[in-house]
């Protein structure tokens, strides 16, 4: 079973060199810490910037420069700034290679629920989640496979309100990585728990490893 | 039509009517027109519809406007924040209306208003609760939701620098909603840190052309505050 | 009966101080020559510029800086550049106060025909004419009142293919200025030919002068 | 995904397929990617659809491509010009298809393609021959025509300067269609006058972010030509 940072490292290793990537708020922001310095990966933040740098500290902090989580960040050489309509046009138009999002639930068909618990008292707040879910060419979700009370989050059908339909390509969890697509839910790698045990605890039909070698993506 | 340089914030927000729809720029504090919001609180207009990314934080700014029961409805993408307790309480008490719009759709609907687009088919939100009741259409095999423009009577935005013709430049991610909102409202008021003479902004770098800007107010306080924050951190 | 330059001067005098104006290709470009130096009028050119200056000559000529007619122009202080989608968004969104267009025909209802003769052999070419016709807050048309063969160009119904429906607010001609609107076609000023003679030669119902003093607009 | 700096124009246009839709920037000669068009002529792809503001002038550039019978269809706003005789002759002979689109709608349809908008309601052209056969809808009392995106397989554009990440800046009205076309095609090739190191363009002034640009080609000849023209005039 992986730690959050091990999951983030796994995602980072799967991001091709030079890719344009948006890292969602929460767990996905950890991915940035695991990208190789020479990866050439360009980070997009939906509040209007490409080539965002790491979090700002001390004198670097500039109230005019934050990420989508409103955390002060830095600028890398070759950065560019643009307004919100242009930023989401870039996203919606399919120009980002990958976005990494957190998830409450992902369905076998790739539906994502990550914005609203659906509780009657909860105040709905979507931010850019729906735009990201349908906009990026590939959507990776990073989440624990089970809730704190042991309920699976990879489910036959989401019970939480949806963020996007059939939009998730891959799910990174602490127990396994799943590939979603035409072949259904394919287990790509496991971490401790075997495929049989996974199949027992999840209510979605699983296929075995996608390839003999569950290695990293080609760039 | 000519951009007016306002002597104080009160002049900058003068004339905003009860019932107005007010677009308020900013993403977090970046680009937030703090002095203009404070002036709007003093100005007194009520029954407002506020269009902004968030619904106020803490006890100041938009939250203070909400606390004074001056806002009938909020249109935003992300009302709930760690310190959005003013909005939260009003919402739970049923005393404020909320329309949640995906952030990109919020920006695009304002762009449509500014660009004279009557409506557009957008793939965002299809199959989610936010698409309920909306017209949908499958185009090229993909489902889309029909979205309509959001137009403001007023836009209050924060920019970095203006020239005397109202041309604006922004700074870093404080640009965010400002340029879009500037196109989408009848009366556009910009709070800036400095005003330069005509010719003082390179024409290649203008982000919001002066045609969109009706009033400019130089907020020295904000400038000082930002410098202090930058120094303090 | 006015010369082209007299017509242009008349239009120029009717443009309020500080207005944002687009001058169409052809006759309307003459208007720029008659704007007072201190008018504060800002010229828009749809190929992506505000605060366009006069035509460029000699060493001023820069192949990167032209007007919509592809004539080299100059830049005034306070200018700004933007791309074509932003430029036409500005126009379509109703941000220009006035545009001045040439016309083949204008109907009593304010329909404009100015892009296509409708002849079978003619190659259709619209440029920005339709965008301008529906985009500016007020549309002024500048044209001779009669064709070379004496046919009126202010007509009950356009016979040429339309550029825009009910979009023209005012028509400046060599014989008269007409105001179009809820009150029908109002003769605002005449130059030589009287209202009766105009009524005789045109097939559209005319009202008399709009006001006792057919003076210039208020700013 | 990473922007490639091409050694010559042939490399810059390599791989363009027969039947491709090619967006070609420029308004008149300003922003026209002359070297790339010449390279496309040599490259040999045929049965092309060209999307550009005009349909070629004189005997060079797009007109030369048309003269070689390599273009099946032109989508543009203004084909007819004083020296568009190559297009005129092909059109009158029924040997080329023409779709005339109002200039702003042309730009907006490409923007829609780049921005993931499925279609949009546009007031331009209502009641004119260019709206014939198109779906219309009255919104807020005003009639609109439904317009669909124009997407390119390739965009050939002219810019002023690039950095090695493909960020582009333009110069004066040569900006025109370039930034829009750069968002709307699968393969985007920019002809520029110079390339600078990463960090050599102020992030506030980038007009086309490198994410949109696949290939950059530095046309020294064009640079010289422009300088000469500027000197000669």
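General remarks:
As written, the chains take the letters A, B, C and D, and residue 1 is the first residue of each chain.
Note that contacts are C-beta pairs under 8 Å (C-beta built on N, C-alpha and C of every residue); 3 or more make two chains touch, one makes a residue touch a chain.
By chain, UniProt protein names: B, D = 3-oxoacid CoA-transferase subunit A.
This one's a predicted model, so the numbers in the text were calculated from it and none came from an experiment.
For the pairs C-D and B-C, the count of C-beta pairs in contact is higher at C-D. Most remote from chain C, judged by the distance between CA-atom centroids, is A. Per-chain Cα centroids separate chain A from chain C by 54 Å.
With each centre defined as the average position of its C-alpha atoms, the distance from chain C to chain D rounds to 29 Å.
If you average the CA atoms of chain B and of chain C, the two centres end up 35 Å from each other.
Per-chain CA centroids place chain B at a distance of 34 Å from chain D. Multi-chain contact residues, meaning those touching two or more other chains, occur in chain A at positions 49, 75, 81-82, 88-89, 91-92, 135. The set of chain B residues that touch two or more partner chains comprises 108, 111, 115-117, 122-123, 170-172, 203-204. If you sketch which chains touch which, the pattern fits none of the simple shapes: not an open path, not a single ring, not a star, and not all-to-all. Every pair of chains meeting the contact definition is listed here: A-B, A-D, B-C, B-D, C-D.
Per the touch definition, chain D reaches chain A in the complex via residues 1-2, 111, 113-117, 163-165, 167, 183, 198-199, 203-204, 206, 209-212. Residues of chain C that touch chain B in their complex: 16-20, 40, 42, 44, 49-51, 75, 77-82, 88-97, 135. Listed in rising order, the residues of chain B touching chain D in the complex are 108, 112, 115-123, 137, 139-140, 142, 144, 148, 169-172, 202-205. Residue ranges on chain C touching chain D, taken from their complex, read 45-49, 58-59, 61-67, 70, 72, 75, 81-85, 87-89, 91-92, 111, 116, 121-131, 134-135, 161-165. Residues of chain D that touch chain C in their complex: 27-31, 77-81, 87-88, 91-92, 98, 100-105, 107-108, 110-111, 122-130, 143, 160, 170-180, 207, 226, 229-230, 233.
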